[in-house]
Amino acid sequence: MNPANYLYLAALLFTIGAAGVLIRRNAIVVFMCVELMLNACNLAFVTFSRMHGNLDGQVIAFFTMVVAAAEVVVGLAIIVSIFRSRHSASVDDANLMKL
Amino acid sequence: MSASAIAPSVHSLWTTAAPATEKFPTPHIEYAQLSPTLIVFGVAALGVLVEAFLPRKSRYTAQVGLAVVGLAAAFAAIVALAEKGYGTTKAHIAAMGAVAVDGPALFLQGTILLVALVAVFTFAERRLDPKAHGRHVDSFAAQGSAVPGGDQERAAVRAGFTTTEVFPLLMFAVGGMLIFPAANDLLTLFVALEVFSLPLYILCALARRNRLMSQESAVKYFLLGAFSSAFLLFGIALLYGYAGTVSYSGIASVIDGTAKTTPALASSTQNDALLLIGLAMVTVGLLFKVGAVPFHMWTPDVYQGAPTPVTGFMAAATKVAAFGALLRLLYVVLPGMRWDWRPVMWGVAIVTMVIGAVIAVTQTDVKRLLAYSSIAHAGFILAGVIAIDKSGVSSVLFYLAAYSFVTLGAFAVVTLVRDAGGEATHLSRWAGLGRRSPLVAAVFAVFLLAFAGIPLTSGFAGKFAVFKAAAQGGAMPLVIVGVISSAIAAFFYIRVIVLMFFSEPKADGPSVAVPSPLTSTAIAVGVAVTVVLGLAPQYFLDLADKAGVFVR
Amino acid sequence: METLIGLLVAAPLLGAAVLLIGGRRLDRSGHLLGTLLALVSFAFAVVLFADMLGKSADHRTLTSTLFTWVPVESFQAQVGFQLDQLSMTFVLLITGVGSLIHIYSIGYMEHDENRRKFFGFLNLFLAAMLLLVLADNYFLLYAGWEGVGLASYLLIGFWQHKPSAATAAKKAFLVNRVGDIGLSVAIMLMFTTFGSFTFADVLPAAAKAGSAQHATITGIGFMLLLAACGKSAQVPLQSWLGDAMEGPTPVSALIHAATMVTAGVYLITRSGAIFNAAPDAQVAVVTVGAVTLLFGAIVGCAKDDIKKALAGSTMSQIGYMIMAAGLGPIGYVFAIMHLVTHGFFKAGLFLGAGSVMHGMNDEVDMRRYGGLRKFMPITFVTFGLGYLAIIGFPGLSGFFSKDKIIEAAFAKGGTEGWILGGCAMLGAAITAFYMTRVMLMTFFGEKRWVPDAEGHEPHPHESPSVMTIPMIILAFGSVFAGGLFSLNSRFVHWLEPVTGYSEGDSPVSTGAVTAGTLVLLVVGVGIAWLMYGRRPVPAVAPRGSLLTRAARRDLLQDDFNHVVLVRGGEHLTRSLVYLDHSLVDGVVNGTAASVGGLSGRLRKLQNGYVRSYAVSMLGGTAVVVAATLLMRAV
Amino acid sequence: MADSSFPILTVTAALPAAGAIVTAAVPAARKAAARYTALAFSLGTLVLSLITLFRFDPQGARYQFTETHTWVKSFGLHYDLGVDGIGAVMVALTALLIPFVMLAGWHDADPLEDVTGPNRRWRPTQGFFALILAVEAMVVLSFEATDVFLFYIFFEAMLIPMYFLIGGFGDRAHAGGEEEASRQRSYAAVKFLLYNLAGGLIMLAAVIGLYAATAKQLGTGTFALQDILNARASGKLDLATSTERWLFLGFFFAFAVKAPLWPLHTWLPNAMGESTAPVAVLITAVVDKVGTFAMLRFCLQLFPEASKWATPVIMVLAVISVLYGALLAVGQRDIKRLIAYASVSHFGFIILGIFAMTSQGQSGATLYMVNHGISTAALMLVAGFLISRRGSRLIADFGGVQKVAPVLAGTFLIGGLATLSLPGLAPFVSEFLVLVGAFSRYPALGIIATLGIVLAALYVLVLYQRTMTGPVKAGVAGMSDLKARELVVVTPLIALLLFLGVYPKPVADIVNPSVQHTLSDVHKTDPKPALEAKK
């Protein structure tokens, strides 16, 4: 089975994630889509690592997970705080600032 | 771990077998040469401990002291390294190829540290807001987690809470920014990016006034930031896929075809799409940080919503770090590909200059105005980036140094003009400021003129430097576009001056708060740098010139 | 002696300076100072004249260069004077008549609060006019030329509170400026052709210039003619002279009769060498002269305003001179001669008119005069002598000078000669008519005057002697000057060295011309007597024939100017002002506005929704990726 | 030539600069002190400039009193000063006019009532005089600079103080109330700034282009005029035709905006109309001269071929300016705008003379700059006195002034006569020289341009007639005549007009050699007369 397929899958996931960011309103879901994109990246890394036969890619994948985790911490903190002050997690409600 | 141990069982599933991978070498770190960064991170960690263990009363003093000392020390370290010649002759790559210690890195790190130092002053300012329950308060929320206007917040204010965490956050951000322009492999680049972005996201959410806007800005910044870093990461993945390595030199050598070819490499380099798309996406990730059109849209909202000291710091330092990284990427990794990315960057530079200037024309809020102007300036700097030669690098370095201090100063002035609702950022409120307090208005006018690039200010010197580099790099059309858009830009800077000096002051106009020495120092430094770099830029140009060489 | 030339100009200039800067404290003595300096200048003139007579005809030219005015490489303009017979004649006329009129003005302006200023302007005029005739190069002449223009402007508009006066002054200056274009272009042509503009360089060069320069020289000629037309109120630039009568009468006498308006004649005579080399230009000159002499005469017939009538006559007399000057060597001398005699009798006539107005509460309408000879005998006699002189009554000045011009016209020969001669004789007849008309309406018939606006019944009375004496002196001039000059043609010998002279061969004998002229003269006088002498003059002007009505309006030439130039000009400027605002400025403001509009539209993209920001990022990425790939493709 | 040990040029510029700072520092209450301080500094500058002028040796080196220092090596920017005849004269003119401008605007900037409360720190008087001195310093430097970039810096920088002078101290005699006035004023100021800034930025592009070009051919880019000229002379520097033309256009555009040349003139009427008379004089008599001066100094010297290439078009534009400006002046209802358009016409003459490329034309143009400065100053300042008395700028509001204020009317008339260049007054000489110069190369244009003298007479005399003559209008009755201070302003100017009108030789002698140098730069010689008749 050709590893290229894993790449296609990665790309697909990435695209789905991006699309999700664009269409979903709930900040949490939007953020999950971003996470999906990151994981797509991970898949790509691992695949490439496999193809090139060196471990860098896999190591990077670990790093990415850590970073993603950190992002989750910060992100959720912010989203929760805004949810508490607005009683809504919809990103479309947050447009005091425009133009 | 040992990959070879489990290798066969896994491999049996695979059609293509990869050779056994080599062992990890034991890492060795040149601590001395990384000392600036390490100091900053160390201080940041200490700051956390301070938050944990010191009584609330003494935290503020401790944190400010720590931050100032730490940054000063880090800067001293930078100077020492530069003295030792790490900027020029002994420039090399440290930490097993993760971080570069060379001219541009040191210059930019120095700039960032100074900017941060001044920013700390504005962070620490406690005289501007009216006293709450008899206590001086800074421009940060009493308790970030508390619901705006809720009982909890009122309680927090009564109790005299203050978010002194901002200082460690600031330090972490600074640490990330120090690595960002020095990062010598894509992974470090990505990690550094996140390390300085995440604290910024939080800082944005911590405004004392207009907390809703503050939180909104944080959300926007965070989501878009994460979105963009996803692109960056995917780009990295593709580049890794193309070159089989993430180290700059490695990728460069693969692109030049000087790397020793493995069969895997041979197959992957077959298809340039990986390289090109990867290159494009990484660039996009960086362009987002510098706020280039069309990746600029977060800028105005975030600049407006964030606490003004944070905005000032972000506007100045983030640009420096991001442009540093961009320069290194383009000059170290991709010089062999200039024919691919140069035209694209041309386009980006042009739209950035023009759109930034044009939209700013109709802005009505000082902070948004400055945001758009920063976009336009990003365009000007890109013009310098595109000139692929030494003068290009040094001109950009100089421009960044000049620009960052003007920006910092300008936002510091913005914090002074206040009315009942906090800072009066709506332009109409600034009418007649020149009569109320000529000095403040004059200072702001100086910054505006510097932005507009009027001769005898640092803005002019910087603009001339980058345009000169661009012209010598054969990008005369870019220069002309730049010139035209600076003419447009001049219009809205002038508009503010007109407002301040030529229109009658409003009866209920805002008052100009008398700042503590902290902010005064920040502003004074801004003015000083603006004037000195305007009148006698030669020394700094030489500095930037010496620092203009990347290590490969 | 040379220094005297400078002083000649300096004296009145000093007067002007002192009087105008001195201010009110000179009000009581100012007029005396002015008159004194005019007389001083006259005295210098006489001395120089005597000295000149002492020398042989060919060595009479005096030159003196004071200093370099404008030195720019090959363009070297000196302030240099040249006093020869021609300029001497003018100097005597200007200072002489000038002094007389200064004296006269003492009386005439007695009650004017700004008398000091008036004398200052008069002195200024004398200085400028002397500069004009004494300059040894065209550039300096130009200075004098504009100087007299300025003086004339100031004096016509002397009563500035009268809008009509202010307007007339402006008009005079403007029309003169049009002429000045001619002079300046002429100078430029001289400079580019001969590399100089001094008489000493240009005139000989023009005389011996080859056919290569013929066109240029003709051009110069035409340009000089244009200048002359402006100054000397020749068709088509004559319109200002009538209005110029708004000025105080002494001004009309000195500037707009005796001296300044004759500057054109001087210019053409002075530039004889150029015109001799440019026959086409000469044709133009004689044509202008002939047309104007008829034009002026006809206008003169219709005017009821005594000064305007005289102005018309001035126009026509100068027409004679210009025509004579256009005839070349056969005419120059007589042009000047007529100029001098005309200076006497026309000045006399104007002063007479002034005296009449002085006695009639400044009434100028001849239909309100009548039978004044009883009330102001001296004025009547002097005026009468002037009248006889101008219509060319045998033995008086006008008779000699005008007949010579008519003869010269015939002497031009060919059809041209006949036409010109015919015009000249016709002119003589008309002159006789309108002057008789003036004479009869003013001094004969029954009194027709009525109370003026304030209801003051005019009490005609003779003017004080300070006014009458100059009139008497001028009367002497108008009686004897002509005879004196023609006595064994002194004047010809006097001027010949400068202007050159040649006997033309006239197809008709001198006697015939004289006889013919006299006949026409009688006819003219007769008609006038039939119309105004025999039957009473109606107090209000009858509607009159079409020609008469046209003539009253300066033969509609002014209306033409108004419609074509003034109205057209107004439309032009108004539309330009509009264009400047809407088009030229509009483009700029439009650009600014469009940038603003674009800005407004682009702002809308910043709609505050994170997701749309994300869209733009994704789109941007797509574009960047696509572009990068494309770059490789191409 | 004078010993170059003492940096007199630097001092000439530094003195007003220092004056600006000192004046600005004078406390709010001490208005009079501020005025006299400023005046003293400007007079000092005048003395220095006159010393320069008198010690300038026309037969000596082209540039004298030269000073050379490197300022910013990386930019090829040198602090090179030096004056040729033209420069020396222009510096003197500037220094001469400033004191009069100050005296004329003695009370213009004083706040109507004592400012107290939140605005008490507002010190308009100090600011006004400080700004004037700042402008003087920068203008002087731009006349002295022999380094293209150095010139550019001050050419641009002078906009800022000018901008504050226009926008901050507007004409109080405005038709529609204070609100409308300040609106108009800031519009005029912004228009002034943006126009000139745009021009300047285009020039900046050209400057950078020039640097790139020199850097490519000479190894190190330089802006020093002398280096560039030498390099060109020795053939080391040889700009491609197209490059030279583009650069020329870049420079010329900026100067044409400044000058201003049709159709880039529309900022001038607004600026001069809305600013006080002294500031208007500062604009048209001092600052704008930098534009025409720079054409002579930089366009012709740096880009001789391109200059010749562009000459026909420029000559036509100049002639258009002459007639267009005059015609619009005729159509104006506002005294100051009228004078502004008259200036447009005069600048047309100056540019006509410069690009005629003949001794007469260029010497004439230089003299024209001087004379126009003085005559416009005289006319505009008297107009200012008139306007301040009546509180209106509209011609229609005046009439019969000569009856109540004869001296004012008289000086106004003299100023007007100078403007219509009457012989005996200075402008005549220069105007005629310009016309001769233009005529000897382009007869047709020369003749068309002479129509300008008729139109000039028209707008001046119409203005005089409507304002000064006729019956005394209601608002005019009881108008006071010129006061002592005002006479001090006007009399010397008029005296100067007369002197230079009768004896311009001293100035001409200083200017001519420099003009010869310029002409040799563009390899032009005067056309020879068809038939040399001079003895």
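Should a chain be cited, it is by its letter among A, B, C and D, assigned in written order, with residues numbered from 1 in that chain.
The rule we apply is simple: contacts are C-beta pairs under 8 Å (C-beta built on N, C-alpha and C of every residue); 3 or more make two chains touch, one makes a residue touch a chain.
Here's who's who by UniProt: A = NADH-quinone oxidoreductase subunit K; B = NADH-quinone oxidoreductase subunit N; C = NADH-quinone oxidoreductase subunit L; D = NADH-quinone oxidoreductase subunit M.
None of these values were measured; they are calculated from a predicted model.
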{"item": "Centroid comparison with subunit B (C-alpha atoms), farthest chain", "value": "C"}
{"item": "B-C or C-D - the one linked by more C-beta pairs in contact", "value": "C-D"}
{"item": "Whole-Å gap separating subunit C and subunit D, where each centre is the average of the chain's CA atoms", "value": "37"}
{"item": "Mean-CA-position distance for subunit C and subunit B (Å)", "value": "81"}
{"item": "Geometric centre distance via CA averages, subunit B-subunit A, whole Å", "value": "23"}
{"item": "For subunit A paired with subunit D, centre-to-centre distance based on mean C-alpha positions, whole Å", "value": "65"}
{"item": "For subunit B, residues that touch 2 or more chains besides their own", "value": "219-220, 223, 227, 300-301, 491"}
{"item": "Multi-chain contact residues (two or more partners), subunit D", "value": "194"}
{"item": "Per-residue overlap in subunit C, given as positions that touch at least 2 other chains", "value": "592, 603, 606, 608, 610, 614"}
{"item": "Set of all touching chain pairs, with the criterion as stated earlier", "value": "A-B, A-C, B-C, B-D, C-D"}
{"item": "Subunit B residues touching subunit A - in the complex, by the definition given at the top", "value": "3, 14-16, 18-19, 21-22, 144-145, 147-148, 150, 187, 190-191, 194, 198, 201-202, 205, 211-213, 215-220, 222-223, 226-227, 230, 233-234, 236-238, 240-241, 244-246, 262, 264-265, 267-268, 300-301, 304-305"}
{"item": "Contact set on subunit D toward subunit B in their complex", "value": "71-75, 115, 118-119, 121-123, 152-154, 156-157, 159-160, 163-164, 167-168, 182, 185-186, 189-190, 193-194, 197-198, 201-202, 204-205, 208-209, 211-212, 215-216, 221"}
{"item": "Sites on subunit A touched by subunit B in the complex", "value": "1-3, 7, 10, 14, 17-18, 21, 27, 30-31, 34, 37-38, 40-41, 44-45, 47-57, 59-60, 63-64, 67, 70-71, 74-75, 77-79, 81-82, 84-86, 91, 94-98"}
{"item": "Touching residues on subunit C, where the partner in the complex is subunit B", "value": "592, 595-596, 598-600, 602-603, 605-606, 608, 610, 612-614, 616-617, 619-621, 623-625, 627-629, 631-632"}
{"item": "Residues of subunit C defined as touching subunit A within the complex", "value": "603-604, 606-611, 614-615, 618"}
